[in-house]
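Order as written gives the chain letters A, B, C and D; numbering starts at 1 within each chain.
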Amino acid sequence: MRARVTQEVAEVIATRRVGAYQHITLVAPGVAELARPGQFVALGVGGESSGTLLRRSFSIHRVSPSGTYGGTVEIVVSAVGAGTRWIVERVPHDTIDVVGPLGKAFPLPTDPVACVLVGGGYGSAPLFWLAGELRERGCHVEMVLGAAREDRLFGVVEARRSCDGVTVTTDDGSAGQQGWVSDVLPDVIDRTKAAVVYGCGPMGMLEAITRVAQAHDAVAQVAVEESMACGVGVCMTCVMPVVGSDGRTRMVRSCVEGPVFRGDRVRWDAFDGGHARVPDDAVGAPKVGGH
Amino acid sequence: MRARVTQEVAEVIATRRVGAYQHITLVAPGVAELARPGQFVALGVGGESSGTLLRRSFSIHRVSPSGTYGGTVEIVVSAVGAGTRWIVERVPHDTIDVVGPLGKAFPLPTDPVACVLVGGGYGSAPLFWLAGELRERGCHVEMVLGAAREDRLFGVVEARRSCDGVTVTTDDGSAGQQGWVSDVLPDVIDRTKAAVVYGCGPMGMLEAITRVAQAHDAVAQVAVEESMACGVGVCMTCVMPVVGSDGRTRMVRSCVEGPVFRGDRVRWDAFDGGHARVPDDAVGAPKVGGH
Amino acid sequence: MVDLSVDLGGGHRLPNPLMTASGCAANGKELHRFFDVSDIGAFVTKSVMAEPRSGRGTPRMAETPSCMLNSIGLQGPGIEAFVDEDLPWLQSVGARVLPSIAGSSSTEYAHVAATLRASRSFDAVVGVEVNISCPNVANRGLVFACDPLASAKVIALVREQLPRDIPVFAKLSPDVTDITAIAAACVKAGADGLTMINTLLGMVIDTDRMRPQLGGVTGGLSGPGIRPVAVRAIWQVRQAMFEGRIPTVPIIGVGGVRTGRDALELVAAGASAIQVGTVVFNDPSAPVRVLRELCELLEAKGYDRFTDAVAVAHGR
Amino acid sequence: MVDLSVDLGGGHRLPNPLMTASGCAANGKELHRFFDVSDIGAFVTKSVMAEPRSGRGTPRMAETPSCMLNSIGLQGPGIEAFVDEDLPWLQSVGARVLPSIAGSSSTEYAHVAATLRASRSFDAVVGVEVNISCPNVANRGLVFACDPLASAKVIALVREQLPRDIPVFAKLSPDVTDITAIAAACVKAGADGLTMINTLLGMVIDTDRMRPQLGGVTGGLSGPGIRPVAVRAIWQVRQAMFEGRIPTVPIIGVGGVRTGRDALELVAAGASAIQVGTVVFNDPSAPVRVLRELCELLEAKGYDRFTDAVAVAHGR
């Protein structure tokens, strides 16, 4: 059986600016009840006469399964294009059509091992909830937050509250240490003897996290962000080359088999400037001279 | 020289329900300054990601060339489809893109003759402003307002205030006299000895007004409502067969040569169930066997 | 209550005319989380070829106004896995299945059809849709659907592999000068029905990188924006049937259906069944919603039977 | 400042590549109320035929998602009135004019071209666009643009009527199986450039009345929704030029351009000039706005000359 999913017309009950992002709270009791950290929601854009057909995906920042308004779902949105601009312009009492929860959640360790959670930009959004669950299981949890500049960091204060240690990096040094998360990650893993590194952020960062984790004998679990037409597993647009348990590479759907993948399973060698090739050794790859 | 026109992003400063309609006030100083009764505005629908390309046209109900907010333009909207639904959902401080004033205004008599103004449904919207201008010129002005039911009448109270006489009809008798405006019009014309009958409303009503006016030696000036893609005279979608001063019929653009036409110039015989044929005697009409 | 049932051939009476569109619904499991896939008239599966295929590299999609562009490259498990896993699952939940088959050569199509026919869950099959919008390796990659002869050959070979009571639907491409010529060739070759339309060939440039946005350079355009092209294609072919230029066979309409009103547009133009494709990405339960809306519309208009509305716009 | 100028042939250097699209801008007076029509590279007029034409009955349009459908039926004053009134007016305001001509037979096209050439304001003309998407009475109404031979004949006859320094642009229809074949035929017949694309054939059913919504039954689909088809057509033809299958001539891109970004898409695919059509109905000053946006984009990307961006997406 696949995980349960629901579709609901959610009311916006709060929306506020946080640095470069918009933190939005939606009343979506169905989603709130079912979701686990690492899953995402897909939001419809525009009203009845919208020319924007495809939903926009957002990691679930937090859920509150019940409350004054019923269960709520929170997301953190960076307005980069027309779809996200429409979403951040919603005001309280506006409604947004939500499908979720979607995708696989972060797998949790069975033992109380140390974990490092690495978030790039708004990629930190799903990590606080994850941190809470890990600490409940007795894990030592540290967080590394990185971004281009200070206003693109999300949740530094909350990180300090909810984790056992926080390291911040910015490309321009406007907050924390100047540099990339991958510069500080080796030390954090070594110091905490982390067994798992969780990552969420841009592809390049996830690849670097995977590399560092591998070099330091930790498992990387990364949440990817691929362009998705449907988000529910029916269109095959969100695929990426991933090695299966049988050792063979397949183009797998990141919306249902991801967005969380074990970092060492992702064929990072196939990614290049926004494109992902089908590796020649992938199952069903085009043969020379056609199929 | 053609009449001047402007395009502006107008702020909604007031919007309220009036019977079955929404009465909306827009800050549009450019339009307000240039407009004359009978002209219309064309409003953009939806935001940045709207799939609705074409503007929606509305008669100008009233303008206030200056005021607290700058000049305002008022319209009365009946929500019938996706575009008008979007417009009536706008709340104060939302903006709407407005082009106007468009089309020809109602021609005013040079002498202080008696006039009857006939409005069907929201078709009465532009008539109060016209009534004021006519009375300023010393005309005796009576109004006939008709609609299917009471909530589809617009401006009965205002009519009583701004005219020398008001007759109301509804199809179901829920207000005024049961029946059509054309039932009461002959008496009103005869009683007032009206020289001009102005009409605005559905096509069938305008044809009836024209017929009655002609039979009672009055000139009919009717404002039509054709489906318009551009509203500014460039697309040729809004045409209808009209007899010119040379006695020849042409397919003329109702957005620039109308929306106000002399009723006896319109080729009512060409209209049938939402379609308008090109009369065989029209200039450039298709000949048998092609052009 | 409007009688929504429809018979598209072979005596398989479908409870209603709503279907998924090939490639827009995967093979059932995913949408079954949103609605019961046996509630719609038939479930159309992703076009399947002989062997497993990885499909193309990414990006595979671009969003465009009221549309989208895709170049999936027929990713799929191959016909063996399809008949071993997907078809039995669909049968287990009671779905009526219209498998879509594809190939790079007419013999590949025939092989896929034969494998399907020999499979243990073939009872669930109510017809076969032949996706002829595939590049023909024997003809420099020109798609079959652009050539009446190549189309006819594929249809004739597929028809041979399948029992008579399984209607074969040829799925046509709108990217041709005269779609009635292709339709006529397919029907003459044995097609029991036609599905119209497949995507339009389109392209998007990524203006940040100043290069084609899709890994596959060109792609297929679909969604509400193309609906007028679908309506026109259905109208033209149905008109040719009325005029006797093509034998009358049922048409399955597809292209940009978002609402019951949209579905009715295709029906009035001549479609006897309706597929909902891209709009599923917007609303995963669109097929059942469109069905409900269509039913309400027919009821409001006083129709007793869905089939009475088919092609009514002709000759008005 | 980016150098926006472009030479489309005949030594007529246009100050910039932005144009109106035929039939979406009337003949200038109306839009001159919104912007100075001499500010854009060239003004393309409504296709004009030999005689005055009433056009079709109404409704002549239907709105569709991100698009519209029209069947105007080439309403117009005829070439005599055009050269007596419209062309002199355009000349008087300093516009560079690209008249669009049409006909029901190749001789009608030639007659229209000859009348244009003999007219007193011919100096304002910087080229002639030949709208070959007209029904050919000699061939059961099949549009010229769907047949390479018929297209070539029209172009050859028109080319003969006009001085060498007046480039002739053949405006192609996307409704063909292989647009490069039509392009090749037109260039071989003497076309100095190509305009792509005209509208797609489409149809809308009025579901209230259950009959075709347009008086003319079918109509032309235009607007942002068709942009991917325009980009693809431009790309394919430009690719054929790179591969030497068609002699290289300038392409004027048209189809769904709403913003400077959209224009750049067509340019990167191979267009040397851009027309803005349907979007004018949404925003009457769109041609100058798109020009400004395009200029800003080119500047941000570091281009010195507009022409350097033409066709850059090829081979990346």
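Note that in this section a residue touches a chain if its C-beta (ideal position, glycine included) is under 8 Å from a C-beta of that chain, and two chains touch if they have at least 3 such contacts.
Predicted model only: the values in this text are computed from it and were never measured.
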Chains in simultaneous contact with chain B and chain C: A, D
Chain whose Cα centroid lies at the greatest distance from that of chain D: A
Chain centre separation (chain C, chain D; CA means) in Å: 34
Mean-CA-position distance for chain B and chain A (Å): 55
Multi-partner residues of chain C (each touching 2 or more other chains): 65-67, 209, 223-225
Touching two or more other chains - residues of chain A: 51-52
In the complex with chain B, residue positions of chain D that touch it: 23-26, 29-31, 33-34, 46, 49, 51-61, 63, 65-68, 70, 72, 75-76, 78, 104, 137, 206, 209, 215, 223-224, 278-285
Chain D - residues contacting chain C, complex: 62, 64-67, 69, 146, 175-178, 200-205, 207, 209-212, 217-219, 221, 223-229, 231-232, 235, 256, 258, 261, 264-265, 268-269, 297, 301, 309, 312-313, 316
Partner chain B, residues of chain A touching it in the complex: 45-52, 82-83, 85-86
Chain C residues within the chain B interface of the complex: 65-66, 224-225
List of chain B residues in touch with chain C within their complex: 51
